[in-house]
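Each of the two complexes below includes chain A, the first together with chain B, the second together with chain C.
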Partner chain A sequence: MSHGQRHSPTAEQLAANRPLLGPRGRLLAVSALVIGAVGLAASYLLGNGQADNLRHFYFAYLVAYCFWLSIALGALFYTLIHHLLRDTSSVVVRRIAEQLAGTLPFMALLILPILIPILSGSSELYWWLDPVVRESDALIIHKSGYLNLGFFVARLAVYFAVWIALAGLFRGISLRQDATGGTAPTLQLWKYSAPAMLLFAVTTTFFAVDVIMALDAHWFSTIFGVYFFAGCMVGAYGLLVLSSVLLQAGGYLRAVITPEHYHDLGKLLFAFLFFWGYIAFSQFMLYWYGNIPEETGWYLRRFSGDWLGWSVALLFLHLLIPFPIMLSRFIKRRRKLLAVMAVWLLIAHWLDLYWLIMPEYNAAALPLSLLDLTCLVGVGGLMLGVYIWLAGGQALVPVRDPNLTESLNFENV
Partner chain B sequence: MATERLEFPSTEVLNTADKPGQRPRLITGGLGLHDITRVVSRLSEAPAPPRGWWILFLASVGLLILLFAMIGYLIFTGVGVWGVNTPVSWGFAIVNFVFWVGIGHAGTLISAILFLFRQKWRTSINRFAEAMTIFAVMCAGIFPAIHVGRIWVVHWLFPLPNQMHLWPNFRSPLLWDVFAVGTYFTVSLLFWYMGMIPDLATFRDRAPGKIRRVIFGLLALGWRGSNRQWLNYEKAYLLLAGLATPLVLSVHSVVSFDFATSQLPGWHTSIFPPYFVAGAIFGGFAMVVTLAILARQVLGLRNIITLHHLENMAKVILATGMMVGYAYGMEFFTAWYSGNPTEAFTFVNRALGPYAWAYWIMIGCNVVAPQVFWFKKARNSIWLLFIVAMFVNVGMWFERFVIVVTSLSRDFLPSSWSYYMPTSVDLLTLLGSFGLFFTLFLLFLRYAPVVAMAEVKSVMEDVHPHAEEHEPLGDYWGDEPGAHTERERLLRANGGAQ
Partner chain C sequence: MSEHVAAAEPTSAPRLLGFLVEFRDTATLFSACEKVRDSGYRNWDAHTPYPVHGLNDAMGLKPSRLPYIAFLGGVTGLGLALLMQWWMNAIDYPYLISGKPIFSLPANIPVMFELTVLLAAFGTFFGMLAVNRLPRFHHPVFTSERFARATDDTYFISLELSDPEFGAQAARELAGSLGGASVEEIWEDDDAEA
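Take a look at the complex of A and B:
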């Protein structure tokens, strides 16, 4: 107990004087949106210039889209698990996650640049949509009950409906509590968190199966949904840390988010980077050891030519180097150092998604180009713009959450 | 132990209400710090154990003798006394091994992972859960050893230098298992013992007789409870918790490799490692609930292992049960989605083939039964908790049976297909392994500190006597209105006896 050492505001002070982003936030949001729009336009122009039916654009866009979507999904999971575990220590950063998850309705719109071409008959992204393949490929014929255009789109609609509903519900009740206070909203959130978790698990798994795994519609892995989920969490914790640090650098929530909270966020970032490594190893080791052609083909693409370097880089940058670094208590409790690691792991997470998706576009050589950057900036600018806009409208912490006092005084013991 | 009556009410206290901004009290009935010591030490300090203990102990020893008899019969006769034969060459022995290793997961999960997650309710149950872990791993270790057939060369499992330059196959997951289980057992044992040192010192200090004082004195390693000792203790505890956490994941992952590195449909699938870990936690918690309910009813620990603890465990069982269900679902989906006819056949055969009965027992016990825990009433009902935990114990044994036997009995060569039937030796050996488990567990209940007294005290209100002068800092002490008053009332009723 460090009485008098910190001067955290009390929950009552926060409720009376709600921490808001203010006009600076609106400016930032608009700038991000403009940068995003420019990035997206540039991506389209760059992609169109390649005269490949926009094939490269679709793949590059999918990487960027999955990257930012995975962060929003991870943030949604963060909110759900917070309530499911009756977490009290991290109330001060929960609003950030709620606002990140709040971008999910907008993310549903951002899938349209790849969904509309698919609906109008393009099979550039998913070769199993090609009518010739659908009649000649025995495996695709076998899977046609699942892998067909109508069901594919219907499933995507269901996933997004579930995510939008969950994000809206958990964000909405929490925002309502800002006005009303009381314990009833918290009880509601606790109650909904368990069934919400079920819905989240099923939809996220099958999103990964449909959108990423089905890029190679012959390949399959039972762990794939868990793998994608692990990446979501690395991304979400990375952006949570980064958002908190940037907010504090801008003068917000100065004494609200303390080294104690960073320590916890850092621990969980560490836990999920380890979890990702565990899941990635489980899948790789078993497929390597089993050495069955229908399973190893997917890895073979990633272990030959230029992609081998990428695979090795992923192993080192996503697991082996950050692992010992993130063990350090010193780093986890210093927000600037932790922010560096958050950026590092966000990049690693992008490397991972690129590694999952792009070998299906070009297995022979690394297709790295400016397009990847513009897509990342394009989708990211728009998503972060919406995120900042949403965050700007409300208090930056759930000011009347009954557990806020506990969170403000939280210490790692 | 029957001589000293407990002055504090040992009825159920409903401390499971969800109250935002408030923590449920973990120790009920107005028990004070010293009462914890008294309640926990009673069984060990009584001159003779109660009759119920003797009945259970003799029954367990009987089963233990049965186990030794069966093992002796096996060694002198050969593995032909078991039901294993081509193609099902892994039968009860491997099923039992995986079952017991799985049980052994909850203890270290509770003591290490829940410690890292600051789950203070773990303090009431971690000690006997860890003991359970160690005994379960001992039971597990027997089966691979006797399964090798020629047990007199069992030391060849270990890479021992020898004149023949004969080494085990380092590329075999069976060897990894030797290392994984060995490491897990060692670390769990160290963790359990180290955590027990302050409580062993308490036993030493309270010892009524000289022999007891010497024995516990030796075991307590000179613990005096000084600040410096506590500092070292807490550091060591954190370090061991950090080391034990990846071990919890690795042991059952490596056990899953025994199956998943093969090319056999139903065994070779990428979700096996996390699925096995989730299943192990699921089965382990079910066994913890089973033992916790028995212990609290028989030993009068109702106020230390409260309904809140049981409710939390029920939630863990529900969550891990859903994870296991998720894995069953993903396996089934992928068996079809892969388009591999043998995969699809294997899973349809599980559900509809000759072992459908075992499969549906598994589904019923592991996926259907825990669903009652969606309801708070069920989580707060001792009877339902016990019944569902028993279902899960049975279901998790059958899960391993389904995995091992169904895949092997329908291999790639239909002419060699057969129906595996355990012999009476198989069944009696399984039964006997429970004898070993319960014999060790009952000895533990009689002689060791069953509850981590020092740790429980650290989450009680009394260790923070000035709580009301401070902001509610959000720990378990004194943040429920009236907690202190209730205690004072009880103290007055008992004539101020502390």
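Take a look at the complex of A and C:
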């Protein structure tokens, strides 16, 4: 930009003087990890005190886990689509997404509090694991080729193996480029992005089916994987915006991430919040119109009693109110306003996952409790702690990406 | 023959319509645009072979009205779709489908969505044409032979003489002061009138 009102550093300046989080980042990461550990310990104690074989704890933990995992998955998708589309405009925020996706190996560990009880015979979370049900329920007998413990665990292992490999590959090559420079790593990432995207789509879809949809093993929805994916993206764009704004508030990347980049992030946040609404309605309308008992039961639970209010709140908070707000160009270009919307939509995304999972725990009443909060803080603290720790060890932007200059000078025409 | 010439005589001599200033690089184009912007001249434009970042600011262009037209189109589509389906299915020809109420919102949403998108797209497309005053078949700048290079390697500023506050002389002085590689007068194309 020869004529700038803007004074972005050049790519060379960034490479010579890498933007690093520094000791503040490490302090923040350790604090988050401690808060997370305390949150998890509190969750376990609260859950244990309920004398329900930890059933409430498992469900509350699953909501929190899916919430944070979905954000890491969305960040992985962000990295993949960035390379798949040969995107040059948003290179400056890609490292943040790479570090978020870099938490996936750790997220594989965090599924153990659910998975270990299941392996040792608990059927509190998934009633289709109950030996009596497996012999008496005609549908479960029919589905037992797919829904059995061994295959379930094997599938989870495959999903996490794929995600860990993809996050490691895309993050690793990008980090190596920081040292070596050159176009070869970028070309390599472009090449891998298409098959990686296929793997991501299949694993994320089946993860949603296995872990969330299978809570009610009688019910099925072929659009469920896309529905979960749409939520992943709302969460990921929300946290990307929030991370960028907080970094800038802390004095980092001040002239690097500009209103032009926020405008783009805002557009995609807007696009995915509407995509979520589109998919959610597509799923709902077919079941509403068909009105077949085996399909409507799932909705009936969510549309009766206290859950009706939650469903209506979800419709308004996740779609109808943010839609016209996010339509505005004014808001998308102002980081503080956009950050408010990002927090809003992160909350809406949590409401969504709670709505997907918790009616299977208690269909009669809202099971809101302190446990939901401690689980959210517990898993979140640990995940964000790892995220900040990873981000702190590296430059905050891919300093030697050949497209960095183009991204620094990016303007929405 | 002579009659024909005589008949053409009363229509006045070709009129001066404006000035076309040529630039070889964006730096001089930017400062020239800022100069015209600050002079308060209206009815002028910059012509570049590709989108030049920051030129909108240098030209002092206001944000486009197009989003509002698109939004109006969308809202119209939404309302129209609801009204149409309500009248068709619940009033004009009530028809009970799968035990649902005669007028039931979820069933109407797909058409509401489609018409919103359609009319918003119409608003964007036709609104864009209207805001740009298109389609038109001719513009005086096309009489300049050099202007063809505006799609190739040269930048231009065109000043039209329709500005009420600037006379031909003031416009000529402004055009001359912009630091362009050349200033060309744009005359009414008498061939086009025939």
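Heads up, the rule we're going with is that the second predicted complex is superposed on the first by the 411 of 413 C-alpha atoms of A that agree within 3 Å, B and C clash if a C-alpha of one lies under 4 Å from a C-alpha of the other, contacts with A are read in each partner's own complex, and residues count from 1 in each chain.
Here is the rule we go by: a contact is a pair of C-beta atoms (placed from the backbone, for glycine too) under 8 Å apart; a residue touches a chain by one contact, two chains touch by 3 or more.
The model shown is predicted, which means the values in this text are computed figures rather than measured ones.
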Original post:
Should the superposition on chain A be reported as showing a clash between chain B and chain C, or a fit?
Top reply: clash
**OP:** In the overlay, answer first, second, both or neither for which of chain B and chain C A:198 touches.
**Re:** first
Original post:
Looking at the overlay, what does A:289 touch: chain B (first), chain C (second), both, or neither?
Top reply: both
Original post:
In the superposed arrangement, does chain B or chain C reach more residues of chain A?
Top reply: B
**OP:** Using the touch definition from the top, say if A:248 reaches chain B (first), chain C (second), both or neither.
**Re:** neither
Original post:
If you stack the two complexes on chain A, which partner ends up touching A:143: first (chain B), second (chain C), both, or neither?
Top reply: first
**OP:** Look at A:53 in the shared chain and tell me whether it touches chain B only, chain C only, both, or neither; answer first, second, both or neither.
**Re:** neither
Original post:
Of the two partner chains, chain B (first) and chain C (second), which one does A:225 touch, if any: first, second, both, or neither?
Top reply: first
**OP:** Give one of first, second, both or neither to describe whether A:409 is in contact with chain B, with chain C, with both, or with none.
**Re:** both
Subject >> Set intersection of chain A contacts, chain C complex versus chain B complex >> reply: 1, 3, 278, 285, 289, 409, 413
**OP:** Show which residues of chain A lie in contact with chain B when the two form their complex.
**Re:** 1, 3, 10, 86, 88-89, 138-139, 142-143, 146, 183, 186-187, 190, 194, 198, 201, 205, 218, 220-226, 267, 274, 278-279, 282-283, 285-287, 289-290, 292, 294, 401-403, 405-407, 409-410, 413
Original post:
Which part of chain B faces chain A closely enough to touch in the complex?
Top reply: 18-21, 116, 118, 246, 249, 253, 257, 260-263, 268-274, 322, 326-327, 330-331, 334, 337-340, 374, 470-474
Original post:
Residues of chain A touching chain C in their complex?
Top reply: 1-5, 278, 281, 284-285, 288-289, 291, 327, 329, 409, 411, 413
Original post:
Which residues, counting only chain C, touch chain A once they are in their complex?
Top reply: 26-27, 30, 51, 53-54, 57-58, 67, 71, 98-100, 106-107, 109-110, 113
